[in-house]
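Structure record follows, encoded as structure tokens.
Chains: A, B, C and D, in written order; residue numbering restarts at 1 for each.
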Amino acid sequence: MPKDMTETRDIFERRESAARSYCRSMPAVFTKASGSELTADDGQSYIDFLAGCSSLNYGHNDPDMKAALIDHISADGIAHGLDLHTDTKAAFLEAFDRHILEPRGMDHRVMFTGPTGANAVEAAMKIARKVTGRTNVIAFTNGFHGVTNGALAATGNGYHRGGAGMALSGVTRMPYDGYFAGATDTADFLEAMLSDKSGGVDAPAAIILETVQGEGGLNAASTEWVQRIAKLAKDHGALLIIDDIQAGCGRCGTFFSFEEMGVTPDIVTMAKSLSGFGLPMAMLLVRPEHDVFGPAEHNGTFRGNTHAFVTARVAIEKFWADDAFQKELADKAELIHGKLTELANMVEGSKMKGRGLMQGVDVGSGELAGEICAKAYENGLVVETSGSEDQVVKILAPLTTPVALLEKGFEILLSAAETVISEKTAIAAE
Amino acid sequence: MPKDMTETRDIFERRESAARSYCRSMPAVFTKASGSELTADDGQSYIDFLAGCSSLNYGHNDPDMKAALIDHISADGIAHGLDLHTDTKAAFLEAFDRHILEPRGMDHRVMFTGPTGANAVEAAMKIARKVTGRTNVIAFTNGFHGVTNGALAATGNGYHRGGAGMALSGVTRMPYDGYFAGATDTADFLEAMLSDKSGGVDAPAAIILETVQGEGGLNAASTEWVQRIAKLAKDHGALLIIDDIQAGCGRCGTFFSFEEMGVTPDIVTMAKSLSGFGLPMAMLLVRPEHDVFGPAEHNGTFRGNTHAFVTARVAIEKFWADDAFQKELADKAELIHGKLTELANMVEGSKMKGRGLMQGVDVGSGELAGEICAKAYENGLVVETSGSEDQVVKILAPLTTPVALLEKGFEILLSAAETVISEKTAIAAE
Amino acid sequence: MPKDMTETRDIFERRESAARSYCRSMPAVFTKASGSELTADDGQSYIDFLAGCSSLNYGHNDPDMKAALIDHISADGIAHGLDLHTDTKAAFLEAFDRHILEPRGMDHRVMFTGPTGANAVEAAMKIARKVTGRTNVIAFTNGFHGVTNGALAATGNGYHRGGAGMALSGVTRMPYDGYFAGATDTADFLEAMLSDKSGGVDAPAAIILETVQGEGGLNAASTEWVQRIAKLAKDHGALLIIDDIQAGCGRCGTFFSFEEMGVTPDIVTMAKSLSGFGLPMAMLLVRPEHDVFGPAEHNGTFRGNTHAFVTARVAIEKFWADDAFQKELADKAELIHGKLTELANMVEGSKMKGRGLMQGVDVGSGELAGEICAKAYENGLVVETSGSEDQVVKILAPLTTPVALLEKGFEILLSAAETVISEKTAIAAE
Amino acid sequence: MPKDMTETRDIFERRESAARSYCRSMPAVFTKASGSELTADDGQSYIDFLAGCSSLNYGHNDPDMKAALIDHISADGIAHGLDLHTDTKAAFLEAFDRHILEPRGMDHRVMFTGPTGANAVEAAMKIARKVTGRTNVIAFTNGFHGVTNGALAATGNGYHRGGAGMALSGVTRMPYDGYFAGATDTADFLEAMLSDKSGGVDAPAAIILETVQGEGGLNAASTEWVQRIAKLAKDHGALLIIDDIQAGCGRCGTFFSFEEMGVTPDIVTMAKSLSGFGLPMAMLLVRPEHDVFGPAEHNGTFRGNTHAFVTARVAIEKFWADDAFQKELADKAELIHGKLTELANMVEGSKMKGRGLMQGVDVGSGELAGEICAKAYENGLVVETSGSEDQVVKILAPLTTPVALLEKGFEILLSAAETVISEKTAIAAE
């Protein structure tokens, strides 16, 4: 390692908290990025199948967003505006109204929360509690909704829950779709528990779910199940919150992950790819009758990240003004499914997971999945695992990745898998 | 109002949540900003004595930060990097190490949390609970630490607490410095309660405080009191968390609000002006022995806002590499004190509040304070109130505001106060 | 109604809280009781198939206990002794040791809690949390453990939970044996949730269960299920608490409800029929290694009800010194089963519930069950319903009820059922 | 120790939980008691200045109660009646109505809770939360309200709180009368906190207090303070709960501890001496408009201890039908005050505590107080300490103790104190 790079890394060792994580398995110091490729300070380039955990659905430094942002900054456009009116916020809202809400017949209002997904989830849970006068929120096994205390109560992951250092309250956990693997339907179970006067589950303020559990192992709920849950929420006076932070913004092949399911969530939480450029931005959509917060009742200094409004508007106008992009996504989803089937075929007992451009393979163990990703990284591919045991190799490539680059990325991945598996087989045979 | 502006406002009415707030009393649609001035879409310009609630301590669009950010974007610098190593993060850490931590003898590690102050506070409270194995956090009357559930438990404001829709737990409230107005010392009280085996206050994981309560009405704690609290924390095995989100980054005249108090907090939370440019960025500083989170145990997609790292580095290098800026602040604090004394003299029973460039006048009623600010806004000054009854006219001008502009702003403010008060006197005399 | 009786009832109307309940459906003013019969102030006598909700397993005013108690009082024996040593406590402990613990190979210690079942449950949950350093207690659908806040969190009944006026915490609800009616095994489900690192169920301090859910509708767990749960508790570092308050003291045909299941609970809670005479007494049994409370760490003024010790000792010595009583119970259980089968045969779709002398019939609706019990009461039988919809006619006759009287009681019950059903059929036919 | 006694003690060692407490410092095995005297199995007799912690205000085995109870049992009176109507309950209610409530102009209803003080407190807090729809209950430093989770949250004692093994919620602690020792008035403080919109104390459901804190060190609130708190409760929409469990039933010289203070509590909790005979019995009094529980919404198997109703009725009729007893109490209170003044004079810096027949001396250290009580016990006096450091020698003699016996008891106590102090002085002088 050249001297400069050593020094650069030294500052992380000396001064950055032990909480840092991705940089441990992918230690390069990244300096530039464009489209679906990252470049490190040693000149090495990487294909990006992680996309900022689905925060870079349109790739790195999209030229149109980039140009608009540079123009905005050059012209002394507002960088920080609290929740004052700005021209950039108006333009974003108009684009979102015209191209997203209006065509989908959604009458929701937009609430800009603090610019993290967790903050949007906290706000959503608060609204549901305020609207219903109830405390209990139903959340599901393997759901991930953030790590601030309110949202963390709804998050299943024990490692993250442990970080709270205290028992969390206000949430009842229920099994997600498919949890009983073909036996009892989990929607039936939820219905039984909610209907049973002595079931011991308090009347819910909300039911919160992801249609595909990104962190939880790419578990994809069926349309029928989501519809059942939506109906249960309605029947029991609870709000339906769909957390579309990771699965939304086109990741599942449509703008919202749920838009072809025939359900209308009371609240939708959004973040990650919302700004289009990877800038911090989060918001929630809420049916007008549930828009009950008073002025600044839920607030936050950065609830109006105007730079993000600029790029988010471009993202909406560029990709969602017509259906061209969505069609492209369908083709890519198929390509990904094919390639992952090849991977799945290499590992006995493995399972295909997810849907759209949020697919992966459960290879049965976190160790194997981790080794495959590590080997791929060595060969120039950034890719990560997910699931309660990190057992799923997860593909979150930018939606805009050219087909050729997608194929190149899978070539690296499949070759890495082959190498790892044959090494393992060799060792086992000794 | 010209047609275009009506349309612009219409989208806010139609689609933005009722939670929006500042735009209600300051309805202009802002389009540009530079230094300490904002411009609206009707060409009207405003002097900014609010500075994004202390998020724009270096003014709007500082030319050096702006240039560095445009360069970064133009060169396809990383926009979003999760918590991967990036050259921009390294450069920020090095600057922060060299110019801030090192000279102040602080061995703290830096943890990048989600880019909101609330997220940093949540992380801080989690660390304290994990370190101590205790749940209880001591927080103070009129403290403000954010509105996500963990932080909200520590926030005093009843309106915000009510937004939770549920009882919050894990925090014991204690009276802040001066709460008994000259009678019992509140540090004595806290000591008595913590030492009393039947006092009913559980052993604390942490004591969290702001040295000046920005939202709580510019209550400034004395050095002696902060030292007493620091000692109590130590004696009772609790971590001392100083929330420097609003009072830090030079706002009190030094980089940290507490740096001349002779205390070493176990954890410091930072946000608001940290990026220097108004971009979302938050972090906490934690003593190495308390840096106990495992990798990603507290995580968040936007914990590495690289654009913010770029501007934050420039801010540190430009303003804090030597003591020139700090000296300038001392003069401005005096100027502000003088001008506010004039305001205080207009209102019988009013009180001077705060310190440094975070001062204000408690004019005795929220109604009067609100009318003064409204009149000032009419005349081109953005200024806000604070306190439990909004009774404090609060000055949070950018620290970089030229003296002439500061004076111009105060001219508007004092004239507004005069107008409002004479109108009130006239009405009362009728 | 004669004048006196009106007056007597008047005081209840005027001065007793609306919380009174049994007296609403059984409004007689009772004055005397002996064995399995109650007498009211109008001379009417009633066969008692309720037995103080299983608090009078040995009937009313058992002559031996009565004599011993009168002797004790006459001799100025201690009536109240806090938790001081008394000869009566020693005698009870010796009898309990010799006839109950010793023969069953149980090394548990006896902790006298406040004299209510809820108090014993609260103490048990506290011990489990103190032992494990964990908060979460697993409890089951339709479980009933009392209505003080700690115990109420573990109680399933929504009506009782609602009485708290606040959200209760520290408990995770799981489906009891048979909840999925033949599909997924609920022990499998619990195992999956506890083993899933992202299942969102915190590591448990305890699993608490009744082997037969008395209030919850006479659901009887299978031996296999209880063994599975016991193993899960052990594997996951949790204490197994068996709440034997209603099902214990012979009610299921053996002294403990679980003693033929091959499990050793870490804690057993006891109350109701413990004193033998209906006097308030509760205690818990705890394995020596979990006997972690310091002196009076859990306390209570009436934790040593010495009158109850007197009668409890007699009960143990009279009924449990040999196996004669237990054999008698087996015969009576069979008789009850036969009679209830007759009842079940009258109602289509009805289900037999419970085991031992804790059996009933789920007649499908609370309305029908209530009408049957009301009619029986009219004809001189005290009998009650249970279950989440009050849909189960529940037989809790004293274990000592002579066969002839049992038969007489069932005659009333079956005849009442016949009348009610034929009336309903007649109405339906009109 | 003769063989029998060793065996008796052996069973406690072998089988009773480590939670036992009083028997540790007073290890005699008690067998008989009459009036204010206890007899142990070795024939030794003790004067009782503890009275079952104020549960035996009328002494042991009062002859009239004893006779009535034996009559009741002999006649097969109901021993256990759930909450059915019984003649004994009616007779108690009538006596309580006629001699207690009616003459004091109290329109409260009587709710029989489970027969422990903690249970009554739990019910009271539940009612307050249900009535107000709020969660927060204000409780005071050094207050003791029981150790089940709901009541324990309101109890100040850290040792007992620690027994919960988890953080308790729903209660805000405030300083009791006199906590600031002459400086800030604690009622002023409470008012400031409740009135401060950012004080961080949620709107209270109830304020709960003891007028004399029995366990907390015999702190006696002034009439003015209690009136202030009552007014604050009313002004802030909270219910006033007076916990009269230890201080009531004549202990302070009147039936209720508060009856000469000019306040009308919304709820009064009672237990301890309520039955008159030391039998488990508890209840609460609630204003009719707050009697909001539905049937059995708060329930409990032993909520109708009919034996206790028998003795409780006699107690009311015998002692409270006219003012003779109350006058006697005034004289005895004076006698006790005089004797304790002698004790106080022996110890420099000691403080007189309490009022009525609930007085003591704070001798400055738990060690000294403990040694005095131990020495007194050796010489035939049962007496205990109280307070957060066990620093108060507390006199809770039966109210019926003859003057001569009171004097004899004090003779033992003062002589014990003299011995202990002179030994200490001698050691210090060495």
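Everything below uses one rule, namely that a contact is a pair of C-beta atoms (placed from the backbone, for glycine too) under 8 Å apart; a residue touches a chain by one contact, two chains touch by 3 or more.
What you are looking at is a predicted structure, and each value in this text was computed from that prediction instead of being measured.
Set side by side, A-D and C-D show the greater C-beta contact count at C-D.
Chain A and chain D have Cα centroids separated by 58 Å. Once the centre of each chain is set as its mean CA position, chain A and chain C turn out to be 49 Å apart. If you average the CA atoms of chain C and of chain D, the two centres end up 30 Å from each other.
Shared interface positions of chain C, i.e. residues touching 2 or more other chains, are given as 135, 159, 166-167, 169-170. If the chains shown are joined wherever they touch, the resulting network links each chain directly to all the rest.
Put simply, chain C touches chain A in their complex at residues 135-136, 139-144, 155-159, 161, 167, 169-173, 175, 179-180, 183-184, 189, 192-193, 196-203, 216-217, 387-389.
Every residue of chain B that touches chain A in the complex is listed here, in rising order: 8-9, 11-12, 14-24, 26-34, 38, 41, 50, 52-53, 55-56, 60-61, 66, 69-70, 73-87, 89-90, 93-94, 96-97, 101, 109-112, 114-119, 122, 125-133, 135, 146-151, 153, 159-160, 162-166, 169-170, 205, 271-272, 277-280, 286, 291-302, 305, 307.
Residues of chain B that touch chain C in their complex: 166-167.
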